[in-house]
Each structure stands twice: as C-alpha cells, then as structure tokens.
Amino acid sequence: ACAKDNGGTGTGSTNNASGGCKLADKPAAATATSGSTSADEKVDGSALKVGLAYDIGGRGDASFNDSAAAGLDKAKSQLGIKEVKELTAAPNEAEDAKQTRLRQLASEGYSPIIGVGFAYAESLKVVAPEFPNVKFAIVDGVVEGAANVTPLVFAEEQGSFLAGVIAAYQSKTCHVGFVGGVKIPLIGKFDAGFEQGAKTAAPDIKIEKKYLTPAGDFTGFQDPTKGQEAAKGQIEAGADVLYHAAGASGKGVFSAAKSANVKAIGVDSDQYNQATVAESKDVIVSSMLKRVDVAVFDFVKAVAKNDLASLPKVFDLKVDGVGYAESGGKIDADLKAVLEGYKAQIIEGKIKVSDKPTS
Amino acid sequence: MSTSLMNPSEAPTTVPPPRKARRIPGWATAMIGVAGAVVLLSTTSYLTGVPQLTSTGTIQTAVRLALPILLAGLGGLWAERAGVVNIGLEGMMIMGTWGAAWAGYQWGPWAALLAAAVFGALGGLLHAIATVTFGVNHIVSGVAINLLGAGLTKYLSTLIFFPLSNNPRESPSVPKFDTYSAAGFSDWLGELEAQQRVGLSDVAGILRGLVTGVSPLTMLAVALVIGSYLVLWKSRFGLRLRSCGENPVAAESLGVNVYLYKYIGVIGSGALAGMGGAALVLNPGQPGYLEGQTNGRGFIGLAAMIFGNWRPGGLLGGAALFGYADGLQLRSGGKTFLALIYGAVLLLAVIVIWQLVRRRWFAAAGGVVAAVVLYAVYYSVDEVPSELTTYAPHLVTLIVLAVASQRLRMPAADGVVYRRG
Amino acid sequence: MSTSTPAATDAGTPAVVLSGITKRFPGVVANSDVHLTVRAGEVHALCGENGAGKSTLMKILYGMQQPDEGTIEVAGSPVRFRSPADAIKAGIGMVHQHFMLADNLTVQENVVLGAESLHGIGGKARKVIQELAKSTGLTVDPGVLVERLGVADRQRVEILKVLYRGAKVIILDEPTAVLVPQEVDELFTTLRAMQAQGFTFLFISHKLDEVRAIADSVTVIRRGTTVGTADPKAVSSRQLAEMMVGSELPSPETRESTVTDRVVLRVEDLGLVAEEGTRPVLDAIDLVVRSGEVVGIAGVEGNGQTELVETIMGMRKAHHGRVLLGDRDLTRLGTLARREAGIGYIPEDRHRQGLLLTQPLWANRILGYQTRTPVSKGQWLDLAGAKKDTRRIVDEFDVRTPGIDVPAAALSGGNQQKLVVGRELSGDPVLLIASHPTRGVDVGAQALIWDEIKRARARGLAVLLISADLDELIGLSDTIKVMLRGRLVADADPSTVTPEDLGSAMTGAGATSPAVEAVRGADLEGE
Amino acid sequence: MGILRGKLLPPALAILFSALLCGIALVVSGANPAEAFGAMVSQVGEGTTAVDIVNSTGTYYIAALAVAIGFQMNLFNIGVEGQYRVAAVVAAVFGGSFALPPGLHALAIILVAALVGALWAAIPAILKVTRGVNEVISTIMMNGLALGLAAYLIREDVFGELRGNNIRTPEIHESGWVPGISFGASGTVFGLVFLAAALGIGYWVMMNRTRFGFELKASGESSTAAAAGGVSAKKMVLIAMLLSGGIAGLVSMPEILGRDHTYNLNFPAGIGFSGIAIALLGRNHPGGIAFGALLWAFLDKSGLALDNVGVPREIVTIMQGAIVLSVVVAYEVVRRVELAAEQRRVGKELGTVAA
C-alpha cells in the first residue's frame, strides 16, 4: 500500500549509528577580545549622497546584496544620510552596463559610491579615474592602481574555518559536506576555510565537496534543484552536516538536509532567521556571517569622518568582518568556547587559514 | 523559409521502400532496451565498485531531475504531432513557474499546478495565433515567446512578488505536495539493496528509487505519458491531431478542422510545458519561483522529444537518460563519471561483437578504436575534472543522437506553415 | 450500360446542380458562371484543358473552396458547404487529383480519419474496411503504412475513403492519370458495378477515349466557363476536342527521323540500392542515346524512372555501373559537373526541382548555370548578363510575364515550364533529360514545348524522355524502352506500338504485341 | 515607395505596436509611460551611453550575421552562444601567450577566434551531414559543453590566473590590442566595430553578388531545386555552418581586443540568443540586421535609465519580445497582401482576368 511520507524518516535515520568524530585537542579558551571598532562616537553624514550599485539580485536577495543594503540602512539611520540611490545589475549584462551604472551615480554627484560584488572591479578600473574626487568602494574586490577605490574584502576563509569546526563537532558520522554554487575563486575561499577548520577540529573527518557549475556558468547560484540533489548525494554518501556557499541554490541544500534530518550551516547572513528558508530553519545550526553590512557602514562612516585610513585592509575575524551566527540555540556553551578559542588563535596568527582549496 | 509553398500532398515519386515488416513490437523493444540498460549498469557497478550507479537515491534524483524535462518534452510532442515546431517551450515553462508560484503560495500545490498549466497554455495560445492564424515561421514565433515569457515573468514578479518576498526575483515560498511510498514493498527492496548482491541489489535499488518518495506530480507525469500515448495513438481525437502533422491538406479534405486541432495541440503543448515549470516550483528543494530557474530545461525537453523520435515512450527514455546522467554527476561527481565511461566501454564491446556477427568489419573496427580510447581514459585518469562532468548529460545526449539519429522520423508536415484553401 | 437507371433518388431530380458558379483567385478567374447538372446514377464526365477550372469547380462542390457567386443544389435542395465535412454529410465524396494520403499513417487510419464516428477507429472499422476493400480490389492489410503502397493501391485507398463515408456522389479528379490502361479498365469495371448499385460519379479526365468509354454525359469547360454538355456516344472525339480547345488538337507526332549513329549518352550496368539489404531500385540498366535521337522511357510511376534520371544527373550515387557522355566518364562527377559537361535537365516537378519560387525570373535563369557565362564570371554572378539572357528566353519561348523581376511563383504553370525548358536549352546541351516536360501545362504551352524539343533534336540534341503521357511518348520518341521494377524490360517501336501494348508491358502483363519486344533475359511476367 | 511600404512599414508598425503594448503594461502597473520612454530617449545623451550603444550594436551585429548565414539555408544555429565563448577563451589564451608585431598580433588573434568558432560549429555540422543529427539539439548541447570547456581552460592549473576574486586568462600584450576612437568623456568606440561593418558589407556582397551566396540562398529556398541545379545540400550545410561559426567566433573580439584584453568571469552571456532575435528582426538582410542590432542595443542601454524613474527594467525584455513577434506578423500580413497584388498585376497585364 502507498503510504504518505512524513519528513525526517529518510536515509538520514541510519546516520545516527556512530558516535561522532575523534576530535583534536580543544584550543585554549580565549580571553575576551571583542573587536571594539564601533565606539559610539557621533558622526554626521547628512551631507553625503551615497550611491550603491548592486550585483545581480539586488536588494532583497536575502544574501550579500541584502547585507550591503542593511549596512546602508544603518548608515541612513545612524549617520543621518538623506540622499541615497541604489541601482542593480541584470543577469548576463555586458561590462559597459556596469560602467554606465557607476558613471550615472558619479555624474549625479553621488559620493561615496559602492560597487557590490567583484564583478564591478573591471568597471571601476575604468570609471574611478574619470571621477578622481568621488570616493568609490568595491565589495569583494580590489582595483589596482585606482587610489580612490577602497577595497572592502573579507576573510571568508576564516569564517568558514569556524563553520568547519562547527560541522566537525556536530557531525555524528564524522563526515561533512560542502556545496559550492559556482566554482570561482571566491567560493574557493569558503571551501578552503571549511575544509581546514573541519580537519583541524577532527583530523580524520571525511569531507564531500560539490560545485554545481563551473566558472563562467553562474546558474549554479540560481538552481535550488541542483543544490538539493547534490546535497542528497552527499547525505547518502554519509555526510550529516552540510555547509553551502551556493546563493539561492543553498535553499535546496537546506531542504535536502531537512528531509534527511541532518544539519546544515548557512552562509553570508544569519539564514536561520531568513523567511525564505523558514521551513528548514530547525536544521540550520549556524551560519557563516560575512558582514558586508559592517563593511558598508564602516566605509560610509569613514568617508563622513574623512578618515579612510582607519578602515581595516581585510574584514576578518579580528574586526568582526566575518563570524558565525548563534540563532536557534544549536551552539552550546562548550562549542562556543571551542569556537572562541580557534577564533583567538586565528586572530593571533597562530592558525593561518588558507584561501585556496586543496583540490 | 518558403517551405509553405511546397505541396506536401504531392504524389510520391519514388519507389516505396520495401521495408521488412517489423517483427518485434515497439513495447517489446523498449522492454529489451530497459533490461539491457539495467544489466549494463549493474555489471558496471559491480566491476567498478561504484554502487551509486543503481542506488535508490540516484534513481530518485534522476526522477526528480527528469520530471520537468519530461513534461516540457511532452509539450513539444503535442505541438509537433500537430505539425507546429515549438521552440518556445522554455518561455512557456517560465510562464508556468510564475503561475505556479503565484497560485501556489495562496491556494496550495494543486492550484499551483493548474495555474501553471493555464499560464503555459497562454504562451501556447500566443504561439498558435502567430503560427497557425498568421502563418509566422514557427521558429521565429518560438524565439519571441521565449523572450516574452522571460520578460513578462520578471516584470510581473517585480510588481507582485516583490512586496511579498522583498525580492523582485523570487516568490514567497510555495507549499509542496506530500510524497508517497509503497511502504512494505519499498522496505523489502531496501533490505535487498543493502545485501549487495550482484544484479539483484541493483534491480532492487532501481525499483526502490521508483516507488519511494513519489510525488503526486510524478505519478501525474507518468499518467500523462501513458495518456498522451493513448490519446494520440488510440483515439479519434489523436488520429485527427496527428494527421495535421502528417498531411494537413489531406486532413482538411476529410473534414478535419486543421486549424482547430493545431490550436489544441499547441495550447496543450503550452499547458504541459507550464506544468513542467510547476514541477520545478513544486520540487521540494525549491522555495518557489526563482528567476532563471528553468535554466534551459525547455530546450532540453525539446531535445528529449526529438531523441525519443516524437513518441511518448522514447521521450520518457530521453528525459530519463538526461535526468540520470545529470543526477549522477551532481550526486557523486567525477569518480562515478569514470564508472560510466567504463560502462560505455562494456557497451561498445557488446556492439563490436554484434557487428562482428553481422560481418560489418568496418563498424566493428570503429567500435574497437572507440572502446580502446575510452578505456585508456578510464585507466589513466583518477577523476574527470568537474568542469567537464557538469555537462556530461549534454555529451551523452549528443553521442546517443549521433549513433541513433538516422532512425528518427519526424511528422512529415512538422514546421510547415499550413494555409487553408 | 448505356442506359442509366437512376435508382437512389426520384427519377428526374438531379443529384447535383451547380448554377452560376464563379470563383476568382488573385490574377485568375478559375470559374466564371459555370452551370452543371448531374443526373442521379449517371457517370458524368468533366473535360477541359489544363487550368480550365475543373478541379476548382469540384473543390467548390466538395466544400474545400467557397464560390464567390452561384448556388449548389444536392438532391433538389440548396446547400452551402463551409467545409468538406458539410459536403461529406450531404453524401459527396472526392478522390483528388493529387493523392491526399498521409504516408506515415496506416491504410486504416487514412480511411477512418474524419469519419471516426461511423465505426470508431478500432476493430469494427477494420472489418468494415476489409469488407469494402473487396469492391475496390484492394488486397493489402489495413494495418500497413501507406508509404509502402504502390500508386494503384493508393488510388484504391482513396476510393475506399470515399466509400467508407457512404458517399453517393463521388468525384474522381483525373483518377486515370497515374494508371496504365489495364488498371484503367479495372477501375472502370469497378465504377460500372458501383453505378449499378446507385452511385453517381463525376469523372474528370483529359482523355477523350476514356470519357467515351465510361461516361453517360460529358460537360466541357473552357477557360473557366461551361461550353456545353453532350452525349459522348453521339459526338466524336474530334468534336469534343474542338469544344475543349476551341481549335484543332496539336499532336506530338514527329515526321522524319534525325537519328545519327554518334552515341551521346551511354549508361552501363547501372544499379542503385535504396537501403542496405533491400531490393535494388535500379538494376543492370543499359541504355544508349544517340545524337538526334529521342529515347522514351515508359513505365508506371514508381518503377525507377525518377531514380534513373536522378542517378544519371548525379543527384543519387550509383551503386555500380557507369554513365558516359560521349567519351567522358561522368560516374564520379557531381550534378554541377555533369550539367557543365552538357546535360540539360527538365525535372519532373518544376515547383520542387525546377524553380526558386520566391526568386525573380532572372535568378531562376542562374540556377544550374551558376558557373557559366552569361550568368556568371568565375565566382561572381553577372547580374546584367543573367537579366539579358532571361529576356531572351522570355521572348523566344513566349513566356507570358510582365517582366523578369517578378517572382517565379507569380507565373502560371505553363509559363513556368516554358521558362525551365528555355533555360535548359540555353546552355548548349548535347543531352536533354526531360521528365514529364508537359505535365500539367496547357495545350498551347504543350505545343510550344514539343516544337522546341523537336527543333533541338533536329539540331542533333540527344533526348532522354520520361513521360506518363503515352501519346506524347509514342509521338516524340524514336525508341521506347519499358521500365518495370527498376529494370528495362522491353523495347517498343513507336511507329507501330499502341498505348494498350505499352500498358501491358508496363504492368508486366506480358508482351502481347510484336511491337513490344522483351529485352533478352528480362522476365516480363514479373517476379 | 513599394520598398518603403513593403520593408519599412512593417517594422515601424511593429515598434509602435510594441511600444503601445508596453505603455499599457506601464499604465497598469501605475507608472507613467511618457516619463519612462522619455527617460530612455534622453539617456542616449548621458555619459557614454551613445558610444555604448554603438559598441553593443557592433557586437550584436556580428552575432546576428552569424545566425543569419545559417538562416539563409534554413539552418538553425542556436550554437552561436557556445561558439563565441569557446572562440573568446581560446583566442584570449592564444593572444596572451606571446607577443607579435602590432597589428599582426591582433590579426592573428582574430583569425584564431574565427577558426575556433568554425571548428566548434563543425561538430554539429558534421553530425548533421553524416549522421543526420538535428542541428537544433546538437547546438544546444554544444552550448553546454562550451561552458564546460571554457571553465576548464581558465582553471588556474590550466591557462587561467587569479586576479582578486576574479579569474582570467593572461592579459594580451599591447601589440594585440585594437585601438578605438576616443570621444573623451563620452567613451571610446571599439576599433573592431568597423570589423562588424565590414562583415556586413561582405555578407551583402556574398549573398547578392557571388556564386556561393546564390547557391546558399537557393539551397535555403528549396534544397530540391538546388540539388537539381547542381548545389549539394550537404556541402552547403557544412560550409554555411562553418562560416556561421567562424563569424560567431568574432562576436567578442571588439570587447576583448578593444577593452578587456582578457577573458574573465564577467564574460557576457546570451549574445547568441539576442543574435537569433535580431537576425529574425532584420529578416537576414544586412541593412535590416543593422537596424535590429541598433534597436536592440538602444533598448538594452537606455533601459538602464528606467531605474532612475522607478520603472522595472524588465519592460525592455517584454518590448523586445513583442517587437520580434509583431514584426514577423506584420511582415507576413504585408507579404500576403503584396503577393496577391503581384498576382493580380500579372493577371491584369496578361489579360487573364476576364470580365
């Protein structure tokens, strides 16, 4: 007879067999070194006109564009900025469309202007010199030889390292998985950090890896179906904690984790609280945070203070540019201590996290 | 593009090819083919030690991935059997995804399915108006519909979904169908699969994949394949519809309203493609509508239909092959792909022996060379680069077509603009 | 048989009355004020030259086209047919001049299509078809695909379609055009038997002897209007012909022989296989055409004539054998090279093979001659040259056209054919391959084309003529060869042979006349 | 004026109709169409938009020509998309691996691109003529494979190099760059836009004045008539597909040699599909295609201005689809009317139209 399936009794139920990883020695507990970059000084930015050029997806993508938007919103409310303008890139658009977007903002008198996404690097290289008095910034990218472009880059590998540690501690099968959206260098940093973190915490751990599409085919960030199937494959191979860096495809990863009753780690923002994946929220144990909002806010503030030099070179663990989310309460005090311990070691430089995946 | 001037009813000027009567009926050939594929896969799986080739999970993945392609392909079938080439499947599918999300988040999955069919059918209607009433070149109209479908849904999403989901490219999440399993049978198969017995476990794995976690949509799609066969080949309506694709002038002369049947075929085509879109939206992994989520599956559906020789059974095979190859590469990547190469070597070996029996020395030699090359690849490489395995389904489709294309036969008046009188 | 007894309807009520029918197409008035009365139970013949408007009139009666003016009455009551379905309901059936069959559907599917409500599409329909098939002489299984049937069987399927729908009035549009005389006789036997059962026939033909043999009355149409109705027994063929054309009939007769002994075309042991492992389409063809000679090939359509021509032209690749033009071996050359070597080619289907319909006339002049003056220079086209030479053809061959820039599709069939003939005689050919050179063209054009072929032959041109029109074949040819199942099975002497003799040989019924001489080793009785 | 009516009226009507359609859509969604269209038109004068339109027209034009060559003989080359991508990667790798004298280097890169495009197109062409594989499917599949191959070639361990978060082929040496025409702050027109124009002229000459063009057209109009006229359909398929692929290979040359000097992850996708629509819009005629490409580029670039007035930019895609569809419907209607008129004229002149 045909029986209705109720979620959570899939292949996952067999995974509880073994008792987890043999863990490496826990790091020494950290002394509280909270990155106190934001001492509450009053800065007035009401004279600034801030322009934001988003990458594909724009405001509302529940991912890093949204994170940038959050930074902007914070700047609006805290720095008193009145005039902002936000423009968004279209999928598959030509290079000159990005240039036009930037130029449009610059010639309308916006400054600072932030290009969200490394895709703006080439365009800024052209446009920034045309407007030497405008202050530009680029998220996730570096523009060589343009003095008026501030790079806002992140140490995704450091945050991912902690995600790897979480995965290793949460796995019962000592087997975890990583699903990358598109095989580009940026996603490689997540991959590399995750692997190093997991291996550091549990040297014997097994790691599954899958990129949905190769470099140049950006549909890998847009295909939850593929994300789901790749995740299911990893779960069937034995992985019971999955970390994704796959944009919208990550929703498929969560759903696969949910139906097999295994755990998942989100990316970029605190996905536990994200409306679009609310159905799967109970399997999301944490998220690797990439604080684009912090970077955007700090940059705008620095411009307002006219003190760009104060910005960090890299938004890393030290400045809370990356981190991990604790919503949902799946990270207990023990694990938190461990994570803080590793975090301290990374900040102190005792652990150097590689940004290139091994394979 | 002046084919419309040709008279398809021209008396035949060549000797009718005196073909041998077909001794084996189509369904039997299909069964033999399926059995052969199973044997090949289980042998490969045994020899290479890669159980994923026939695991339950792989088969389930294949089913899920094949579903939208299958439905789009069925859409293609209905249009082309009525004589209208439908390259606009992708656009109709996109319309379907939007419709499914729009109705789905409000009224649930069945409404989603219905709305997807309606939205797809609207695309079909437009295609029918252009191609049947105005006699526009079918390809031109299809390309335009792909553009329109993409533009319209983007525009509508910005208007309607943005306020709800805060994202102009995404809908709120849509409730999904429950899935069903043949409870006892499935568990028994599971035990069998776990015993790792050669052959038996493979068959069990495949069967289990087919009867476990089945969504009503999958059942519906299978029913639609069978239904399409029955309707198109065993009913009066189907006979009339197919006659419009074979010789519309003759059909009209017998009182068949060719325009009407073409309209029905193309609108039905759109509805099926729209349901293919719904299959994407209602896939458990999908939150709902997502811009760009069809990702060329409409085109793949068209390919599956041509692959399947404009027949529902063949199209099922084409969609299954694509879904299987895609699922395999997604789930297990390069190593499994190597196992497939090994399987290809085995297949070639069988073909070579067959050619030798038939004394086709040249073909046999070609087979040997290909087998040796593939084996060399298998032997020398540890893992195929993921850049290349991602498109394994495309490669497999291309190769199979290169081998089998000459047996394909499309409806005689397919793509020919028909004008009454 | 001469006294028809209307059985079905009341005596005196005509089965069909067409009055004042007018139908205009852009540029042509196909029918203009046509009046036609068909008595119930008779065989009513409709005669007229090509393009007279016969088919159009019948399509109107069958609901496929709507008249611009005029009325139709069936069995005494006025009707308006919006589609064939209406006509079928009124008991009218039509067998079309061009077969209306879907090759990829079975016989049964073709028959029941559109009439499924009668007996469904399954076993019951099958039984009915088998029952009816007997009366038409069709013996094949209803489950086979139509593409496997020969011409005569296809015709039977067409009649079967009409019978299946229970038509009482049956239109036969040139049913004999593709049949050999023996098959025509069989058809007539069938018709008479059916007439006795009360069927009424409208029978279209150009062939006056056939009309006189089968019809109870005949109506002649000329240039779209009815010239008059006559009793075919009471008028002579000659009178009929004059009614049709308005003047005396032209004849393809050639007077004196111009045959020389210089061999132009030599075909040796030519063979062609369509599909691996099947019976050859062409088998051991040996053929010689000399300068100044017309060699005619007779054969029922589908016996390999098309393939023979296309193989000689290089459009199909011979399996074995050689083709020589003069001393030159053409076997390995492509079509273009063979044309350059001096072959002119009038293809059997001018629309499909002879013309680029949407292109202007001058572009059609280039087709097949794109490598030669005056239409090209090396890799470049010579548009001025092409236009000039097209004007010459238009003048010399009396192509009626407003100019050379109109698309070929705008011309009538006869004028299109004159353009093709003119083109193919322009490149100084030594050999002309003419497939059905006057098929479907009107009498005037026909006479002109015959004249041109005769003139060229007198200049020493070798001609290979394929035609289904046995009168044309006998009239023009110096030698006739009969083709059957891909082989040349018999020779005939055009000065003595009759169409009936040829017909026997073409169907493999055996050589019954001394004028037809079986080729050595050939088995006329068939396989 | 016959030409005017037959060839220019339909597209004009179609554009008007599409604008009307989109205007209605805008009104329904509460936007002001006049403002939207006004913003689009005035955008042309802003910044580098005018120059961008010209550059983009050139790129689209090449893509559409590639498609049109196939269409001339009823070949449907969906594979332009893959052909230009593969050609771009290989040409960029080739150009970046050594330096040649200026001019020569650029020429060599362009030739390599054309060659690679042609080779990539050769696969479906050969499959079609030898195995009868429908080119629609095979080119769709080849597009997928092209993405894979391109991704493989720019792997760091193959030919690629890392630049920040981007990955790209080694930069082409300056000798391989093609300088453009600078308009100062208004941007720089790519030098290779002239290549596009030259290709258009070459295409016109080929189609209208050469034997090959005639054979191509004949084969497309009626393969049976062409065969009887000595044109081998298989040969034409092969050549047309190679030519189409060769031209497709040039699609990204203006951008790569004129601006980017490398193939990187930002490589634009979808130009091949736009090319199909543009070729259809221009009815395979070089003049028509130029017009279509210009229109397409205008809609694309000016569409950026819609963001400024708060109108969803997607309205532009709707407009593009609507234009293609209504253009062909308009042409079809006009064609029928004209054919009937032509037949009537012929009939009248010959006097066959009796009273």
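A, B, C and D label the chains in the order they appear, each numbered from 1.
Please note the rule applied: a residue touches a chain if its C-beta (ideal position, glycine included) is under 8 Å from a C-beta of that chain, and two chains touch if they have at least 3 such contacts.
As the structure is a prediction and not an experimental result, all values here were calculated from the model.
The central chain here, found by comparing per-chain C-alpha centres with the mean of all protein C-alpha atoms, is B.
Note: centroid distance chain B to chain D, computed from Cα atoms, is 29 Å. Chain centres here are Cα averages; for chain B and chain C they lie 44 Å apart.
Put simply, the C-alpha centre of chain A and that of chain D have 38 angstrom between them. Centroids of chain A and chain C (each the mean of its C-alpha atoms) stand 77 Å apart. Counting only residues that touch two or more partner chains, chain D has 147-148, 151-152, 155, 221-222. Contacts with at least two other chains are made by residues 183, 213-215, 217 of chain A. In chain B, the positions touching at least two other chains are 2, 6, 168, 387, 390.
Here the chains touching each other pair up as A-B, A-D, B-C, B-D, C-D. Residue ranges of chain D in contact with chain A, taken from their complex: 46-49, 52, 55-56, 59, 85, 147-148, 150-152, 154-155, 162-167, 185, 255, 259-260, 264-270, 300-301, 304, 307-308, 313. Those residues of chain C lying in contact with chain B across their complex are 62, 64-65, 83-86, 88, 94, 96, 98-105, 109-110, 112-117, 120-121, 147-151, 154, 161, 178, 274-275, 278-279, 281, 301-304, 306-307, 348-349, 351-352, 357-358, 409, 486. Chain contact summary for the complex, chain C toward chain D: residues 24-29, 32, 223-224, 313, 315, 334-339, 345, 347, 349, 352-359, 363, 366-368, 370-371, 376, 378-381, 383, 400-402, 406-407, 409-412. By the touch criterion given at the top, residues 208-212, 214-215, 217-218, 221-222, 224-232, 339-350, 352-354 of chain D touch chain C in their complex. For chain B in complex with chain C, the residues that touch the partner chain are 2, 5-7, 9-19, 234-236, 239-240, 242-243, 246-247, 249-257, 409, 411-412, 421.
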